[in-house]
Every structure is written in structure tokens, then in C-alpha cells.
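Here chain A shows up in two complexes: once beside chain B, once beside chain C.
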Partner chain A sequence: MKHSIAEAARAARRLTTCATAAVLAVMVGTSGLEAQERDKVTIGYAVSKSGPNAGGADMTVTPNYELWVEEVNAAGGLKLPDGSQLPIEVIAYDDRSSAEEVVRAVERLATQDEVDFILPPWGTGFNLAVAPLMAKFGYPHLAGAAVTDKASDFVKRWDSSFWFMGGSADYVNALTEILIAEREAGRINDKIAMISVADGFGIDLVKAARPSFEGAGFDVSYDKTFPPGTSDFATILNEADNSGADSFVAFSYPPHTFGLTKQAKVASYNPPVFYLGVGAGFPVYPKIAGGSVEGVMSLGGIDPDNELNAAYRAKHEDVVGRAPDYWGSVLIYASLQMLGQAVERVGLDKAAVAGELSTGTFSTVLGAETRLENNQLRAINWVGQWQDGQFVAVSAQGGDGMAAVKLPKPGWE
Partner chain B sequence: MLEHVINGLVLGGTYALVAMGLTIQYGIARIMNLSFGDTIIAACFATYVLFSSFAISPVLALLILVPAGYAFSLVIYRVIMRPLVARAPDEGALEVDSILVTFGLLFVIQGVLLIFFGGGYTSYSFLNTPVNVLGTVVAGNRLLAVVLSLLIGLALIVILYRTRWGMILRAVALSPQNAPLFGIDTDRAARTAFAIGGAMAATVGVVVSMFQTFTATAGVVFTMKALIVVILGGKGSVLGAVVAGLLLGLVETFVAAYIDPGLTLAAVYGVFLLLLLVRPNGIFGKA
Partner chain C sequence: MKVQTAFVLAAAALVVLALAPLFIPDYWTGVLLGMTGYVTLATAWAMFSGPTRYVSLATVAFFGVGAYTVAVLNEAMPYPLVLLCAAGIGMALALVVGLSTLRLAGVYFVIFTFGLAELVRQLVSWWEVNVTYTMGRYVFLPFEGRHIYWQLLALAAVTLLISWAIGRSRLGLALKAVGDDETVAAHAGVDVTRIKLLLFVISATIITLVGAIQAPRWTYIEPSIVFNPTVSFMTLIMALLGGAMRLWGPLVGAVPLFLLFEWLSVSFPDHFSIILGLLFILIVFVMPNGVLARLEDLRKGGRA
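Moving on to the complex of A and B:
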């Protein structure tokens, strides 16, 4: 405060050399002073740095926040409509993977730290937990790592909420389309073995998957859930194999995804379709699996020929020290780019930024013309598959930035 | 049927391995070590670093990390536990104090791991090769865990019940107040037992890291599982830990195979409750 007053005084002294300019300065004085009072933009967030959610947050969310802030500050700061730039100052809290803690932290960011913008936490449940608060304090809520079919309802309830990761039905329906095409081509039978973790992500996805698979005429011959703490999958894979299904679908979290892969290799369980949940799109997945993961399918995927995405991946690796995952990372990063561009157009007013996010068109890592439909990002790759060492977005026939799915999956080695 | 027995024993072998160290620390040193799981995780990360950065095979890592675990726990006992033992008026007070202190230690270890490795998932592949056991294919690394847990369990039982040194340890476990009357250095016995527990934690960490995904904050999962097995088997009983561990593995596998994988957790706690109702001190516990 002292600093900015001195600065203003100095600026005023310089201006007095010219009388007319001095008059002008007095005329714009009030608004000019206000802008000068501010020497930074504060952005706050609470993410899980410890506890069970830390693994997911550390892969998909936090690195992208850090990358984006570092990039913006290296370029001189956030651009404002008048062409000036302000550096970003970050206030970050650890929610310790506790829903109460994340709510408390967001409340603190809004009322005590009075930050300009709040970035969302990791996870569907946590985003839903903070959504009412974000709306109450008028912050645009760019829910990145949150998969929900109810996004359209939430947008009605909280019109400054934005949803960047689609819904369970989107992911499942895209998979069903591929399975239908494979069945018609005679490469798989009509049985599916499906397992899911008895926790947020698994419950949501399996709820969407049952009607989707059955509606398409598939027989879900093995349909079981397992507790999140499960680490041994020998029996489950054994039973899935015995069910006679050609397609294996698991809505799992990373520890299970890795465990399932290792066990499938040991047991030489190699169904034509092998689809896993979160973790199969991590860059470290092939290394963890210890060799070839060709043909393994999961959520997400990228277009390897997309230069914007390739540049983003290179930058992420450069700044963070490791590659981003092949699913959520790029969506989170795009949401931050949109926030930056919205600020550049309409300034720091929260309601104006929310309005711009809703209606504007942005140039992001996803493409030159990224826009939201009903506050939701829809340009998402739903199904991916490991092909030649890359996790690429696939569809039954390919095209439109997607490769054609290659099935049946080859053997593990 | 046979395949489920084998899969169950393989899973239970890991549980037994996890629990043995804790039961020795609890039974002989009278320290309820809540940071046990985090010591395991520290060993997991150490193995991972040795394997991925120095290309040292996890089997060789055992030779480095087991003595390291022993030394680490010895230092912890001397610096942190000894004053507690010295000032505790009775066993109950020591148990409460040790729970509080090791609860703090848990966060120290976790914090250090978070600084060095971050909160992300870590996993690697080693010895993930199929081995045929009586017609059932099991992973080589899991089989190693069972073999190690049976060997270590056997060795501990032989030492505890067939050697003079083991008798000293048992005497301290049975009656820490009276043991000094027979010229037994209880402090030394407790120190050694605590350090053996630490070496066991390191063993578990090395073996488990081969097949399980771990994070810096996952230690509490191991502590919880170990606690269940220890209480089920009877505190301080190595044989109890092995039997209870194998039993839980079999229960989980059979429930997963014949009823529903979603009920494995419920079945484990069901068995836990039932056995405690019948035998409040555990299968091999003394009243």
C-alpha cells in the first residue's frame, strides 16, 4: 500500500511538468489509482497433497496449476483488458483428502485471503462439495477433475460452474459403440465381464455402463464390485476368465489398474477387449506393467498428430519434470488457459469472467476455437488405446482426430 | 477349489509377513507402533530408488534394507522410546504413550517421503513372472512373499522357543517387571525386539513394493491390516500372526470367489468380530 502510494506520487510529480497532463491526471485520478493499488492477482486453491487422493491430484491437477502459473508469470503476468500485466501470486492449501477440509480451505480463500480466483480441487466428490461455496462467493468454478452426468443440472443450480471432464454416460457410450462395431465384425462375443471399485468413480461409471451395455444387447456375464483397498486380483480375474466373456471392463483406480495389469500378465489373461480405469492413461503405465501394453484401452487418449497437444506435453515434461497423463491433464490445462483469456478480455470482475467463459471462444491447447456448450466442455476424447507406445484417442472407424481401434488386443508379450 | 486355496495362502502369506514385525514390537517391546506401515512404505520407496536409479535388484536390496531397517528402529528406540519406557509407571501408560509418539512419528516419516517423492502413485515391475504351483499360476513376487513369511515365521519361532536368547525375549514379554530379577536386561531385550520389528518392516516393504502400487501416504493401510492380524492372532504371538494372516487370506479369496468380491472387507471384519467374541485375546493370545 505504502509502496503504491509512493509510486503514484512519483508518477504524479512527473506529470506536473505538463500542466494539461496534470489536469488529465486528476480527471482519471480515481480509476488510475485503483489500478495502481493492485500489483498482483492472487489465485488460491486447495488440493489433496496428502491422503488417499494425493496420487490423483498430483498426476492430473497440481502440476498443471504450477505449469500454468509459471508460464503466465514468465510471460510477465496475467494480461488485463487495458494491456497491463499483473503477476500471479498463489495461495495453496492441502485439503488432506478430507471433504470437510476442502470446504474449510475454500471458505478461507474466499473470506480471509480474499483471493481473486479459486481453482478447483481434485475429484468429483470434492468439486461437488465446494460448488455451493464457489457459487455463494461468486467465484467461477472450473470443475476440471470431475466426471458427472449431472453437469447440466448443476449448471442450472450454479450458473458460474463449468464442467470440463464430461459424464460417465459419455465415456461408457463411446465404449459401447466400439464394442457393437467389434461384435458386428465377429471379433468378440456378446458377453462382457465387468468389475468396478466400490467408490465414487467406479460406482458412477458402472451405473452408466449396465444400461448402456445391456441396451446394446450385451450380456454382462460377470458383474462385481470390489472394495477400494483390494490389492490382489487373482481370484477376480480368474472368475472373469471363467465367465467366457471376450470383453473385460474394469472401472478402477490407479492401484487397481496397475494390479489388474500385473495379474493379467501373470495369469496370461488376454481377452480381445481389455479396458481399464484411471491409471492406464498414465505415461508410466507401460513401465509399471513391465513391457508391452499394446491394445489396452481406457478413458481419454490424445491425437498424436495434434501439434498443440504435443507442444503442451513437451512443456509439461520440461517444467514439471514428467509427462502429463493422457486424459485429464490437458483438459485442466485448457480450462486455465480459458480463465487467463477471459481475464484478458473482461478484467478481474468475477461475474464478468464467468460470463465470458460461458459464451466466449478461446484458443487453447485443445484447438483454436474451444468453447463451452451449456457451461460444459464437450470436445473430449472418450476412449483411448495404447498403440505403438502412445495412448491415442480411438473410435470404431477412426477419423476426426481419432485413430481406428485395433482389436483384438495382441498378446502381452 | 485348490486354486482358491493356493491364491488364498499366497494372499495370506503377505498379511502374515506384514503382521509379524508388529506383533514382536507390540508383544515384547510393549510398543504399539502406529508408524509401522510408514516404515514399510519408506522401505518400498528405498527399494524403488535402488531398483530404478541404481539398477539394484530388489532381492539384493533386501541385504541392504533389512539391516538398515534394524538400525533405523534401534535408533528410534534409543532416542524416542527409551525415555517413555523409563518414565512409564506401568504397561498401560507405556502403551498409551507409545501410541501417541508413534502416531507423531507416522506423520514425520510421511512428510519426509512426501517431500522427496511427492504424493503420486509409485509402482514397478519385478519378478512378475508366472509360477505354476500345483496347477495354479501365481505371480513369482507374491510367491516370494509367502516363502519369506513362512521362513521368517519359522525362524522366529525356533529362535523364540528353542534358544536361550529367545527365552529371554519371551520372559520380558511375559513379565517385564520380574525379568530383571533373573538378571535379564529388559531394556536390551525390548530394544532388540523393536529393532527386529523394524527389520521385518523393511523386509515387507521390499517384497510388497514388487507387486503393490504405493504412495507416500499409504502406510496406514498396512498398519490397519497388520493390527487386525496381530489382534486376531493374539498380541506377541508369531505363530498367531502367521495363522491369522493365512486365515484372512483364505477368507478373502473364498468370499471373492464364491460370494462376492465386494464382501471381502465385510467378511474379514466379520471373522475378526466373531473370533474376538469367542477368544477375546486372539487365537493364540494369553489371558
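Moving on to the complex of A and C:
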């Protein structure tokens, strides 16, 4: 025993020496960099390239980061107030879908790499995990892929944080408005069958949906939560059918969204309102559903007459090799455009950029006058519907860049 | 004399480590924090699994329970009390689990502990979905990285002390007997089950505390974040690399492996998993008994 302690003490001494040497080397390294003339802007991010979050990050976040950087650099770099341009250099890490990794990666970007700006990770949880650090180091935090009802509280807590995807209540209330209008038009009854996945997104939305539906006088006649691993939806759809509801609402993740669609076709379950969760707004959805998905509703949607958005979609397909999804992608891309324009107006000072982001008006893919309200993007399309092969933003009556919802949903082909 | 010297050295190292965050950048504090967390986890894991040779994959079950306790209680009571609660819950859970399973042996125990982590995660999810209607909880405690680091460092020191004390006591002797041959140990008058249970509870309580202390670092807690099975595997491989049978083994394994992971994720962010897999294979083939044992072998070979 004594022997091993002494041995380990020796090992510890050696380790301490190594650690000190490493720290010294790093310090020397960074001080050498600072002396150089600025010839680029460094932008860092940590997203999930592996692990359970990789799918979502690779659909909504990473392609847009890459697209934007490529575009900016192709145009000569990021513009500065004095008219000069600096190319963007990217430092990208993989957080391996681990909260501790993403926190440390942001610390590394801020204090080791000393990047000029940090782009956020994917997901509500990870954006919240890095939010205190972004605020502490003074970086504007453009929380893109994060749905939260507490954005206003977070803005109070971290005043350089910006929230681009709205909250659960926003999505649900927009759906409720459509349902109310349909009920008044006599096209649906007052019963709703609602299912939700027992995971972050599903629980958050269903929690907002119950009071919203019931407050509007609907009767949630079927309310079921299923575990994330569920793949067989035959029983659930059967029970939903038997509940006598004209509206079917599922707060689901992509695998369930696809499974529900296939099962509904097999069972010829075709309620007037068929609303699904994440995945129904993916460009591949019609292919996965195997034919027409006319009338299927979900979160998001685009304005097909918006040329800026159409150009963005074409470019995304061109550079990334596939089309962006119809919900989050365009919001993330718009947030990057805003960052670029803020830098062009006020330079690279982080606090000035944050100030410009909260008060300025920007020209983005969302429109020529995009601005934030209380550090939150509110001009979001909450409900979308597949109409003529496009997933378009809809509201009860249409207008304001949105189409009128077409219900009841036609039969499956 | 030698023990005293070792204690003085260890205390000096502790002081240096505790003062380090005042002089180094935040990122290195973060690295030290992660490292200390794993040193504690691996040492606590080896406390039970080393001598008894019961390979446990339940690390993350306790780790996650600790983190969740903080998430649930952090606004209801003062922080020290929250930590006490977390320790209490971890202890109670370990008692229940230990009483019902420690008669299992070999591969059955491994499978059970792996299942336990998933079971606890699903139970927490079920509870949140059906009873409290919340998924995702917020931890707003005014801690920065270095505050969490200091707490972990203190816990690491206590863990090593406990491990050392057990190694010197009759309990440690009994444990070694159990590890060598349970039947023989039982015949020699060792209360096998009681000893295993005691060690399991101590080890699990420390692991729970690691989770509890680290929770404020993530601000937002949900089951998929805190019940990440990677924690169990990393702990296991770190302890095995250093040598789970020795006091300093887990530390000697955790420190270089953690630094290596950090270096890999900085230098090869896209190939991390592949390189990691190759490394594991290498460790198992070249040093199945751990670095310390390997060093000892080499030295003996040199003398002979």
C-alpha cells in the first residue's frame, strides 16, 4: 500500500510538470497570435456531429452555417463599416450530443480560440446550456434551433441572447385559431384526438395544447402519450378513430411522423384535420409517405410567393446538395444574415453587434424588414400545410404571406 | 514515514490544484473540472467494482439521479441541503438496488446494471410526463466553472481518502477475499452480501454527488442529457486503464484519457469516435490489467 502511494505520488508529480508545461505552451501560443494584424474573422461553433442529436443538427443547423459562410466568403468576405472585407475562418467542434462537451467547447472557443463570434448548438437544451457562458463572455447568442415559451424570461436574464424559433404556445395557439374557424364553418366537430411523444418536444407542446384546446371549447376526447421508441401506431390510430374526433393532432418526432403517416394510409384513417409533428416539413416527406400528402398539416411552412425564400431554397439545394426543411432552416439562415448585416453596420465589437441585433431592421430571406421584438423573432410561420406539392404557411383566412388553410383534408391516394 | 510523505505531497498537490483556477483561463478550468469529475467517478466506481470484480454499468443511473435531484429541488431549498438530499436519495436507491441484486454474479450483474440505468431514465421520464407534466427543468444557481470545480475537487479528495481508508481496514481485506473467491470468503466467516452492499452504497452515493455537483453547469436538465450512457462507459474504461484494483489506478487512467479525449475532440472533431474505438481495443490488448500493473511488470522484468 505504502509502496503504491509513493509510486502514485511520483506519477502525480510528473503529471503536474506536464500540465504546467502544457499551460505555459498555450499561453505563449495565444499571446503570439494577438500581435498579428487582423486578416480574417473567426467564427466558431460546436454542434452535434455524432450521437442522438446529430440528425436534427444536420437537417436544420450545420448546412445553413456552411451555406452562409461559403456565400459570404465567395462574395469577398464579411463587410465591415469602413467598407473593407474580411474572410471568415470557421472553427467547428463536435459536441457528441453531450451537454458537458458543448459547454466546454464554448469555453474553448471563447477563451482559447478567442473567436470573434460563436454560433449556437442545436436544440433547446444545448442552447440553454451555453447561454450563461455566451452572456458571460459577451457573445451575442443567436439561439436558432430552440423552441421555448420562456424566451422573454431568458432575455431578461441574458440580455445578449436572441430567440428565433418561438415557443410551444405560439405554435399551438395558431393551430387552435384555425380549428376554431373550421368548427364555426361547420366542417369539424368539437372533438380532438391528440397524441404526443414522451420527450422534450412532445411534452412541451402537449402541455401548451391542453389548455389552449380546452379554453377554445374543444373536447380532447383522446389524449395519449407514447414512448420515443414506439414504431407501431396501429392501436393508437384505431383508438383515435374510435374517439369520434374530426381533428387528429400528433406532437411527434420524425420517425413517428413517418410511421403515423404510413399507418394512417394503410388503415385508411383520414380525418378532416391531420396534424403531425417534426418531420412532416422535411422535403423528403412526400417521398416517404409514398404519394400525395395533400392537406397534411405541421409546424412551419413557407410563403411560396416569397422570391427571396425561393432563391434561398435553390441555393441551399445547390450548395448543400439537398433542399432545406420547411421550418427551422430558413429561420437559422435569417439569423446569420442578420449577424452579417449587424457586423457591416457596427463592426466586430460584440456588444455593439448585440445592440444592433436587438434594435436594427434587417433584410433577410424572411422579408426586407425583419426585426426582433424584445430580442425574439416573431414573424414566424406557425402552421403549415401541404398544398400542391409545397409545404406552405397557412392561417384560417390566409393573407399576409400565408395561404388559406384547405380543409377537410382530401383522401389518401 | 512514507505514508506521511505521501500525505504531505497529496495535500500540496490539492492546494496547487485548488489555486489553479485563479491563474489559468476559464477553458482550462473547464478541463480540470471535467477531469476531476471523471477521476472521482472512476475512483468511486473502482471502490466497489475493483476488488469485488462486479463490473457495474449503473454509474450514469446514480449520476443522473443526482443531477435530477438538484434540478427538482434547487429552488425549493438551500444548496447544501439539496446536496444532502441528493446523497440521501442516491444512498436509498443504492440500498434498494443492492439488496435486490448483489446476489447476482458475473455477466448477470453487468446486464442488470446496464438495464438499471435505462430503467431509472424511463421512470424519471414517465414521472415527468404523467405526474408533473414537465420535461426539462432549469437549474439557475450562481455557480461558475471554478465553483463547481472546487466542489468536485473536495469530493475527489474525500473519495480518495475513503478509498485509502478502506484499503487499510479489515473491510478492505474482506473485500479482497470476496474478489478472489466468494465461496471461500463466505466460509472464512466474511459476511459477503453485507460487505458488497456497504461498498456499493458508498460508491453509489459518491457517484450521485458528482452528478448533483455538475448539474448547475448545464442550466437545463432533461433525461436524455443526464442519463447519457457514455458516462458509464467512460468511467469504466478509465478505471480499467489505470487499474481498478489500486488506489491511484483510476486517477492514473482518468487523467491521461480525459486529456486525450479533449485533444482528440479539438484536433480530430470528425474522427473522434473511430479513433476512440481503436484506442479501446489497444488498451484491452496491451494493458488488460491497467497501466500501473503494466509498469510494475516492466520494472520487475528489468530487475530480473
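We adopt the following convention: the second predicted complex is superposed on the first by the 377 of 413 C-alpha atoms of A that agree within 3 Å, B and C clash if a C-alpha of one lies under 4 Å from a C-alpha of the other, contacts with A are read in each partner's own complex, and residues count from 1 in each chain.
Going forward, contacts are C-beta pairs under 8 Å (C-beta built on N, C-alpha and C of every residue); 3 or more make two chains touch, one makes a residue touch a chain.
Here the structure is a predicted model, which is why all the values come from computation and not from measurement.
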| item | value |
| --- | --- |
| Partner chain in contact with A:Ala54 - chain B first, chain C second, else both or neither | first |
| Partner chain(s) touched by A:Ala99 [first = chain B, second = chain C, both, neither] | second |
| Which superposed partner A:Ala198 touches (first chain B, second chain C, both, neither) | both |
| First (chain B), second (chain C), both or neither touched by A:Leu128 | second |
| Which superposed partner A:Lys207 touches (first chain B, second chain C, both, neither) | second |
| Chain B versus chain C as contact partner of A:Leu377, first or second or both or neither | neither |
| Touching partner for A:Ile88 - first (chain B), second (chain C), both, neither | neither |
| Chain B versus chain C as contact partner of A:Asn238, first or second or both or neither | first |
| Chain B versus chain C as contact partner of A:Val72, first or second or both or neither | neither |
| Those residues of chain A which chain B touches in one complex and chain C touches in the other | 49-50, 52, 97, 198, 225, 227 |
| Complex interface listing, chain A residues touching chain C | 1-9, 11-13, 15-16, 23, 26, 49-50, 52, 92-94, 96-101, 103-105, 107-108, 110-112, 124-125, 128-129, 131-132, 136, 157, 198-200, 202-204, 207, 225, 227 |
| Chain C to chain A touching residues, read off their complex | 2-3, 5-6, 9-10, 13, 16, 24-28, 30-31, 34, 122, 125-126, 128-130, 133-136, 138, 140, 144-145, 164, 167-168, 214, 217-220, 222, 224-226, 228, 230, 246-248, 251-252, 255, 262, 265-266, 269-270, 272-273, 292 |
| Residues of chain B touching chain A in the complex | 3-4, 7, 10-11, 110, 114, 118-121, 123-126, 128-130, 137-140, 142, 211-213, 215-218, 221, 252-253, 256-257, 260-262, 264-265 |
| Complex contact set, residues of chain A against chain B | 48-52, 54-55, 57-59, 97, 195, 198, 224-227, 229-232, 234-236, 238-239, 254-255, 258-259, 262-263, 265-268, 279, 282, 284, 287-291 |
